[in-house]
Each structure stands twice: as structure tokens, then as C-alpha cells.
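Scrolling down, you'll hit the structures one after another.
One chain, chain A, appears in both complexes that follow, with chain B as partner in the first and chain C in the second.
Right after this comes the complex of A and B.
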């Protein structure tokens, strides 16, 4: 698949403070999540991608074109900034129609696009209420609405779930997934791992301005062959399974949960472990109720990569 | 780019009407009407003997020319970029398909028109309050119109200068205050060509009957060595054009950072 966003050796400093360093990244259609703690460089990357900042070194291209001051790209790009700020005195509808007016749409089209965007973010009922009276979740949704009202192909959403209640989060995650299904290229940032996990498995881990890892969550997990995988097996024969596997040299640790009839293995050779497990199940007729990987989530990958 | 300027103008002319800045300046400009009412009451009571024209001219020089348009231009001009940074709304603008100079020019025009309208209301009503008597004729409106046009020219010149300060500096208001109420006030008392380094010099050169002012504040004119009207107009237009151009060029290349 062709990359929509191409970043090459991007570096950006704020005086002596490093924003991002030598970031090279191709982003394809679908949802890509930038994941990292506060100050990792996610917002800097997004500001460069959306033409708010210029890199000190390197370049970024969207659809093969430079971004800074490129009006053609801004037609195809929607940006939802992280900051919770709006124009004074406007209601939701005025906010959207005002910004849509900057594209030069006709008056009827401005209205229809604004209402369509309000519908998408489920804010039609409060469209004429001042934004200052909106809840945090509503404000976040109206910000997303302004980013997508002109129907861009690329959406850059900086911390779209920040500070939202669970219901609002669910609504926005659903919306982002719908936009992905509509063929958009969406870049989201977050420092909350389960939120990212709920949206996509395509992640870019950023820490201290550098990309630590990039790819599908499970692919990244596979890369970490030195990092122990935890595999939890729930079975009435969990003791027998543990006894059989304990002799294998790739098993690092075994933890029992008698109350749940479960056992958790730690291994750094997951493939060999599963081969042996299959063999045991076939040979000894062990019944297995559930196999899970407790640490096969973003938190575990992230913690490991940043050396926690 | 013309269409982009119009789009920016439309949005901000609408949006700015709702801001507290506009409301504040609306009430401040109506203060002139209140003052005119008070003066008229004094005049009716026989405590003020000068003609309405002379009173208004003094009023024009002190309140409108040296206070209101400078203050309006300072707060609207520096807000063209400053408010986007203070309110953190800059990304909404700079991620739209707009040439950066169109943002500056569109907002400049929006704020110029908005403050110009407030000024018109204030100038016209206060003039009528002070001059609407048996000697009033419709031709007097031509006089007030000429005053108003000079004020507009001054507003444009100050607005473009303060806009430039807003594009250039992080904290432009203090520098603007020092310029508008320090430099501009002091320099006009200097003899010779030094006073020509101020905007107010050219505005005063354009005001009708400035040399014959005999009002209580007539001392303000004592040292004025006027520039020819056509040259004064030219200089003011050049000031507007140069500072707008500089603002557009600077804004096109400059990045604006705010602490996250």
C-alpha cells in the first residue's frame, strides 16, 4: 500500500529541548496510533505533519507534496488540535459554519456539511448552544467535527480521547473506526494505552522524540524475543500441564492460580512453547478452557521498550 | 487570494462582534457621546461659550485622535495574531487552505471595518449633539465626514503598525502602549523634522482648521509644522502598505509556539 504521509529524518528542537529526533515514518490508510508518554514528541510530530511547525531537519510529505503553506494539502487534511480552545462567543453551528466558510464552499453547502458533521459527532441537538456551555466530551467532539466537516482524506487527531468520560470515549472510538472504514488515513495520538488498543493495532511507539517501535501490536510483540511472553492457561489439568512443561529449557517461570484452575507460563520462545503445548494436548488429552496472554497488550510492550 | 481574504474577513467580522474586546470598545466609543451630552448641557447652561465646531475639534484631537483610535488600533491590531496565540486557536486557521497573507489581510480588514463602524457612530452622534442648533446646516456634515476620513486613515495606519508588532513580538501590547501614548505624544512637541517620525503628525496636518484652533487644548498645535496634505496622505498610505507587507511576509515564514 502506498504511504499517504511520508516523514523522513524529521528532527525538531525547541531551543535546547528536543521535540523529535530523526523520525522516519510512512503512514498508510487506516488508523495509526502514536503512543508515548507526555512530552514524547507526539504533538510535535503532528504539528509538523499538519504544517503548524517546520522541522529543523528532514521533511514531511503528504500525497507526495510538502505540507508547509501548501493550500492544496490543507484541502485534504483535517486537524484536531490537542488544546481545548475555541473562538469566543460562538455556538457549535457557528463554529463549524465559520470554519467551513474559510474553504469557500457555497452557503447551502456550508450548512449541509456543518449539519452532517454535527450528526456524525452526535451534537445536532446542542448545535445552537454556546460552546462554552458544552461538556468536555462535547467540546472534544465539536473539535473533531471541525476536522472532518470538509471531508478530508487525512485526519490528524491529537489526543482525541483526552479527558473524556467512558461514554464519550466509546462514541469517539466508534466514530474513528467508521472513518477508517470509509477509507480515511487517520493518525491519532494518545498516552493511554488501552484507548489506543481499542482503536487500532497499528502503533508507533514514541519516547523522548524517537520512534522505539512501529508496526502491528503482535508484530512488535514478536520482535521482542528477549522479553518474556506471559501465557495463561485455564484448564482442569493445569497442574499436569505445568509439570510437563516445567522441564523445557525455554520456560522461565511458572505461576499457579489454584482458585481459577489456571497457570501462567513465562517464556521467551513463544513458538516453541505453543508447539509443545499442542503436542501435549494431543498426547495427554488435556482439556484446555482458555489461553490468554496477560501481557500481550500495549502497556507491556511499552513498559518493556522504555525499560521499565 | 482575493477570495481567501474575503472568506477570512467574513468569518472574523462576524465572530469579532461577539468578543469582549469589541463590546468594551463599543462602550468606550459611546463614552464620547456621553461626554458630548455633558458638554452640551454645560453649554446650554451658559458655562461654555465656544462654538460647537471648536468644541468638537478639541474633542476630536484629544479623545478620538490621540486616545480612542490609538487604543482601538492597539488592541485590535495586536489581536490579529495575538488572540490566536492567546486563545490557542491558531491551528484552526493555519490548517485551512488559506494563504498566510490572506489571514493577515482578511483579519486586518475585518477589524478595520468593525472599529471604523464604532468610530463612525461615535463621531457622528457626538458631532450632532455638539452642533445641532439653529446654525446647523447639512453642509456641516461634510466637515464631520472629512474629520471621520482622517480618523479612518489614522486608524488604518495605527492598525497596520500594531498588527506588525503583533506578528513580530510575543508581548506587543506594552511596546504598542509605549509607542502610541509615549512616542506619539512626545515627538509632536519637537520642532523641525523630528515630529515627522510620528503618525499623529500627518493626521494633524490633515485636520481642517488646525492652525486656527483656539480651544482650551489649542496648545497642542503650537509646534506643529504641517506637512502638505497630499504628502501627509501619501505617507499614511505608505505606512499602511509597508507595515501590512512586512506583517504578511513575516507571518508567512514565522512559526508560533505555545507552551503545551
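Right after this comes the complex of A and C.
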């Protein structure tokens, strides 16, 4: 399959601070997720891909055309920035029509494209409401609408799920999948693994400006399974739970927190652990107040990958 | 790596509009937004008071016999010559109204884009920096032109109509060119000035304060330096004095100060060039998110 986005040896510094370093990446049609903790270089990469930043070294091409200083490419490219970037006094329709005007479409074409985009992101009903009255989810969707209103083939979405409630997240994930099914090439960034899991299995792990790993989710999972998972359980019966589970061979370590009535298990085999935990809860009537995974975040994944 | 899908995207087969300049929609939007602001319309209307007064002056100058009752000396006062147009184009009131109008409709042109982080949306479109700057400059130039070039040309035509002859045109064939060139300079200066102030902050109120303080402080400072050093060159620091001096040069009238007008012209051009350089730099700098 031909790569739509080709990045070659991209490096970018901000003074002494490294943004990205020697990033070489081919991105094909479908959804590709850039996964990395805050400050990993995801936004820098996206800004270079969208022609807003010039790399110090290297080049990026979209459909074989260079991006930097190439106006033409922006007809085929849509960008949704991480931060809110709109005039809050405008309503959703005005926001979209104003930006569509920059493409030189005729007035009826602008209107029809704006309404089509609003329909796609399910904001038609609130199109004439000022953006300042929009919820976080609506704002995120109007930002996505501006990125796709001119019907680009490539969409670059910087943290599209950031700060959203579960319902809004689900809506946007559904929308992104629909866009993928419509044949678009979509690059999304996130620092939350489960969010990415819900969208795609094609993942690029980026950390400290470098690509650590690239592949599908199973590859990442396999990497992770070489390291113990931490599972913290808060329960009034935390000692009883620990006693029962201590006999299992996949439990590597148990740490008590009497002040919080909690216990933390370390295990290589999370699935077996949860199967047994379910069984215990059903059999012994243990009440569980909270289950969390202290290391089930991206920083922990990266710590494992970089061998910290 | 697993192949997860087939190539399903379609190639864009539209046509890139080479002749389209994205600065036009930016300019149109800026003008529209200015008129939507509170108090802008009455201020804009009030800005034309001098134009009406000057138009009345032209009318009276052609009907002096009918207006004898207004007192003697009218004839001398209402001579329609290059000095008359120079005086219209350098009115303190007009410049003050330009500043006032731009404080409502121009101070936020770039500052608001900074504040709302809209720059990145502009530059993720088929738009170059010069298009963006031209669009923003067009907004200021439009309003300044409305208060200078447009009324001055109308006054010129009114004079021809009321007098029923082309005497003014014959006596001063260069006058129309002077009106156009000097108005263009005023437009260039105020455009550079407003955009500079707007690009130095992301707060429109600060941009407004900057506009007024820079404009008036330049006159105060040059006045103080003039008093200390007794050198007319100190007056080159005053933006208003420079505009007056250049107007005198363009309209071939005696300048108010003992300074060559071309020096003031160079100061204004240098100011515009410096502003352009700085605004361009500022707009670029926000693209870099560290």
C-alpha cells in the first residue's frame, strides 16, 4: 500500500529543547495513532505534517508533495488543533463559513459544505448557537468539523478526545471510524492508551521526540506483558482477598495499605488475575470498592520500553 | 506489521484556484466584524463631520455673495486650493477618529487571533502569511481610506461641480495625484501602526492603550526634546508632525516646521517597514508551540 504521508529524518529543536529527532515514518490510509506522554513530540510532528512548523532537518511529503510552503496541499489536508482556537462570540455556522471562505468556495458552496460538516459531527441543531455556549464535547466536534468541512483526504487530529466525557468520546470515536470508512487517512494523537485502542490498532509510540515502537496493539501488549501489571484493590476485606490470591502462582508481589484499606498486586498475567478475582467475589461475598491500575498509563508503558 | 485495510481513499480531483486571494475573505470578515461591534457605527458616522463641514465650505466658497451676512474674511478663509485639501487630510480630528475607530474595530485584528489561537487554523489552510497580513491590513486601509481618500476625492469633485468649471484642475493639475498619494501614505502609516500595536499583545485593550500612547507620546516626547535642544530635528519623533510635514511637501505648501519634508517621509516609510518586519515576525512566532 502506498504511504500517504512520508516523513523522512524529521528533526526539530526549540532552542536547546528537542521537539522531535530523526523521525522517519510512513503513514498509510486508515487511522494511525500517535501515542506518547505529554511533551513526547506528538504535537511537533503534527505541526510539521500540517506545514505550520518547518523541520530543522528532514522533509515531510503528503501524496508525494512537500508540505512546507505549499498552499496547494492544504486543499487535501484538514487539521484539528489540540487547543480551542475559535472566536467564542461566533456561532458554529459562522465559524465554519468563515474558515471555508479562505478556500475560495462560492457562497452557496460554503453554506452547503458548512451544513454538511455540521451534520456529520451532529451539531446541526446548535449551529446558530454561540460557540461560548457549547459543551466541551461540542467544541471538540466543531473543531473536527472545521478540519473536514472542505472534504480533505488527510485529517490530522491533535488529541481529539482530550478532556471529554465518555459519551462525547464515544461519539467522536464513532465519527473518526466513519471517516476512516469513507477512505480518509487519519492521524490522531493521544496520551491515553484505552482511547487509542478504541479507535485503531495501528500505533506509533513516540517518546522524547523519538519513535520507540510502531505496530499494532498486540505488539504493544506483548511488550507490556513482559512486565508485571500493578492492580490496586480497595476493599474492607482487602486482607482476605490478599490471603486468597497469595496462593496463585502468577502473583509476584503484594503490598498492603492499611490506612486506605487497600492492597496492590503485581502480576504477569492480568487476565488470569481478573478471572480469579471475579470468582472470589462471587464465592466469598467480598465487597470491592475500587479497582485501579496504578501503572496502566502510558508513562508506565514508556518507562518499561525505555527500561527505567 | 499487520495490513489492516485496503487503500480506500479517493484522489482529490478538484482544481486549485490560482487567482483566488484568501486575503479578501479575511478583509471582508474584518470589516463586517468591525461594523458588528457596539458603538462602531455611530463613531464611523461621526468621523465624517469634517467632510461635511469642508463640503459646506466648498459650497459657500462658490456662493460668497449669498453668505455675506456670515461676516467678512470668508473669501480668504475659503480659498479652495491645495492648502485646503492638505488641511482636510491632516486634521487632528480625523486622525483622532481613525484611532478611535481602530480601537474598536482594528486593535483586535491580530491580538484577538493570538488570544483565540486562531493563527494555527489560518495557516492550516491554503493561505500564506502575506495573504493573512494583506487581509488584516486591508481592514485598516479600508477604514482609513473611507475617512481620507474617499472624502478628499469627493470634495475635489464637489468643487468642480459647484464651480461649474475645471479651473481647479487646470490651475493645479497635480492636485488629484497629491490627494491620492498622500491619502495612500496615511493609509500605509495607520495600517502599519494599528497592525503593529495589535501584534504586540494578545489583549485588545492593551493594543488600544498602545495605539493611543504611542501616537500621543511621540508628539509629547518630540515637543519636550524640541524645548530642550531647540532643534527641529527632534520633531521627527512625532508621528503627527511627520504626517503634517509630508503633507506640506505633497501639496506644495509651506511646512509648519523648519525641516525638509522628505526626512519626515523617510521616517514614516522606515516606521512602516519596521512595523511590517515586526508584525511578520510576531505572526510567525506563534506558530511555534514549545
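Going forward, the second predicted complex is superposed on the first by the 219 of 308 C-alpha atoms of A that agree within 3 Å, B and C clash if a C-alpha of one lies under 4 Å from a C-alpha of the other, contacts with A are read in each partner's own complex, and residues count from 1 in each chain.
Please note the rule applied: a contact is a pair of C-beta atoms (placed from the backbone, for glycine too) under 8 Å apart; a residue touches a chain by one contact, two chains touch by 3 or more.
Note that the coordinates shown come from a computational prediction; the quantities given were computed from them, not determined experimentally.
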Message: Do chain B and chain C fit side by side on chain A in the superposed arrangement, or is it a clash?
response: clash
Task: Identify which of chain B and chain C touches the larger number of residues of chain A.
output: C
Query: Touching A:167 in the superposition: chain B (first), chain C (second), both, neither?
result: neither
Query: First (chain B), second (chain C), both or neither: which does A:185 touch?
result: second
- prompt: Which holds for A:17: it touches chain B only (first), chain C only (second), both, or neither?
  reply: second
- prompt: A:30 contacts which: chain B (first), chain C (second), both, neither?
  reply: second
- request: Kindly classify A:215 by the partners it touches after superposition: chain B alone (first), chain C alone (second), both, or neither?
  value: second
Message: Contacts for A:282 in the overlay, against chain B (first) and chain C (second): which applies, first, second, both or neither?
response: neither
Query: For chain A, which residues lie in the overlap of the chain B contacts and the chain C contacts?
result: 14, 43, 47, 50-53, 69, 71-72, 74-75, 77-79, 81, 83, 85-88, 98-99, 101-104, 146
- prompt: Which positions of chain B touch chain A when the two form their complex?
  reply: 3-4, 7-8, 10-11, 14-15, 18-20, 87-100, 252, 255, 257-258, 260
- line: chain A partner, complex, touching residues on chain C are 1-12, 14, 16-17, 20, 22, 25-26, 28-29, 112, 116-118, 120-128, 287-290
- prompt: Given the complex with chain B, which residues does chain A contribute to the contact?
  reply: 14, 43, 47, 50-54, 69, 71-72, 74-75, 77-79, 81-83, 85-90, 94, 98-99, 101-104, 146
Message: Applying the document's contact rule, which stretches of chain A touch chain C when the two form their complex?
response: 1-2, 4, 14, 17, 28-30, 43-44, 47, 50-53, 69, 71-72, 74-79, 81, 83-88, 98-99, 101-104, 146-147, 152-153, 180-185, 201-202, 214-216, 219
